[in-house]
Amino acid sequence: MKHTGTMTITVGWGDCAPSGAVYYPNYFRWFDTAMWNFFDAAEWPLRELEQAHGIVGLPLIETRANFKRPCRLHDALGIETRITGFQRKTLEMTHTLTNAGAVAVEATDVRFWGVRHADGSGRLTAAEIPADVIAFFGGA
Amino acid sequence: MKHTGTMTITVGWGDCAPSGAVYYPNYFRWFDTAMWNFFDAAEWPLRELEQAHGIVGLPLIETRANFKRPCRLHDALGIETRITGFQRKTLEMTHTLTNAGAVAVEATDVRFWGVRHADGSGRLTAAEIPADVIAFFGGA
Amino acid sequence: MKHTGTMTITVGWGDCAPSGAVYYPNYFRWFDTAMWNFFDAAEWPLRELEQAHGIVGLPLIETRANFKRPCRLHDALGIETRITGFQRKTLEMTHTLTNAGAVAVEATDVRFWGVRHADGSGRLTAAEIPADVIAFFGGA
Amino acid sequence: MKHTGTMTITVGWGDCAPSGAVYYPNYFRWFDTAMWNFFDAAEWPLRELEQAHGIVGLPLIETRANFKRPCRLHDALGIETRITGFQRKTLEMTHTLTNAGAVAVEATDVRFWGVRHADGSGRLTAAEIPADVIAFFGGA
């Protein structure tokens, strides 16, 4: 794939639970930020994608995360984010979070290409991802 | 004052920092919830106040909090919320958070009666709080 | 399985993103709370399990969540939590979050039975889940 | 005063409420981080202060914040943190948060020099701040 988003985090006091390790919902806050950063770094910010294609964000329909080792107060973390697959109406992003060089968390999100339904109700329906978007972000 | 909002909280794992005490920004999350609950309990929900009076929420302009004793994992807390003062365009709410019968945190918010500015810019300006609102919520 | 933990949530202002829907990391905060509540409701609180068996929490090694419909400000949600599987050293918990009677999010956590490693380093290692624990929580 | 801590933040999706403005408890998360960063930048990290002087953090006993203008998604914020006063057993820190060059939030924390009480109960008591600490951080 063409683009990789990168992000660094220093684990703060408020990110940790009483055990001293990161409270795990915070990993998802970071992955959500990493997703926005990914599109910014690709110079196709999510807001511009929305305007160009009439989508309403990239709604999350599935996430899977594997926690391989704990991260603790003051640890310096890195996140690498990639689009790791395109289906007709969905795409898959993978976030690899490392701590001192070792993978600590790996997460995969599935998001759909959401446009307003033609019935005017405001609800979203999945549409086909345009070929130029797939080409730009590095699909086959 | 006429109305008191009450709310109970059991301190959860994710509410606490590595010290085992509540991470203090979480108190403000609870006080914000207490504010919404206060208006619901008064049977004049914030959403109805907005529609009836053309306000856009009750924007916070000041908050002061005193932390008197720590709260820890599994502690059962209570919050009592009252309107403790009306000025012409602002009101003051006080949240008293107790832990095992003793006051642990006391916070006072100042919020303004915000309406859209006549210039059409979308920005908010403070307007006079209507007499019926002051009467309903127990002003002098 | 024998036990079901239940929990209700009213979606608050601070739980939602600018779209008006719940910011998804908050679901994981709620599922973590649901996990603690599950053991409390089973009258075998996590803290007592730790003391009785020498475990250090039930570290999360994997989570998978499917987001089926959005939840919005003031929605009244329910969560049902169950242990849906035991392996030799791990267990699987499933959280079913409903909104107005329909499943909105379904999440499955894999957690391991973590004890201090014999090498004295403080790190955790997975141990076999005792038969009485499996029996108590309803394993085959 | 001698030291100023500086920090920058880009407002993220999850930092904002449905209004599109920052959900205000998040400002306190950032001010707490700014406090840790301040001591790191002064090359006297909080952890070293604790070890050198037997204190247990710098417990917060009071905070006051004034919200002057809203901050919104993608705004680039700056925070400047200073110690703005020493009393015998407490110190005052001020955080000035700017958005596009204008002060958006100003907050002042009062924290005490907390050591373990001599009674062995584990509770904290306020002690006099050592003269070298006051001198180092720029007190008169």
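Chains here go by letter, A, B, C and D, matching the order in which they are written, and residues are numbered from 1 within each.
Everything below uses one rule, namely that contacts are C-beta pairs under 8 Å (C-beta built on N, C-alpha and C of every residue); 3 or more make two chains touch, one makes a residue touch a chain.
A quick note: this is a predicted structure, and the numbers were derived from the prediction, not measured.
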{"item": "Common touching chains of chain D and chain C", "value": "A, B"}
{"item": "Contact-richer chain pair [A-B vs A-C]", "value": "A-C"}
{"item": "Of all other chains, the one whose Cα centre sits farthest from chain B", "value": "A"}
{"item": "Geometric centre distance via CA averages, chain C-chain B, whole Å", "value": "31"}
{"item": "Mean-CA-position distance for chain B and chain A (Å)", "value": "34"}
{"item": "Distance between the centres, which are taken as Cα means, of chain C and chain A, whole angstrom", "value": "23"}
{"item": "Touching two or more other chains - residues of chain C", "value": "13-14, 19, 23, 25, 29, 32"}
{"item": "Residues of chain B that touch chain D when the two form their complex", "value": "19, 23-26, 28-29, 32, 56-57, 59-68, 70"}
{"item": "Residue numbers on chain D that touch chain A, as the complex places them", "value": "12-14, 29, 32-33, 36"}
{"item": "Complex contacts: residues of chain B adjacent to chain A", "value": "13-14, 16-20, 23, 25, 73"}
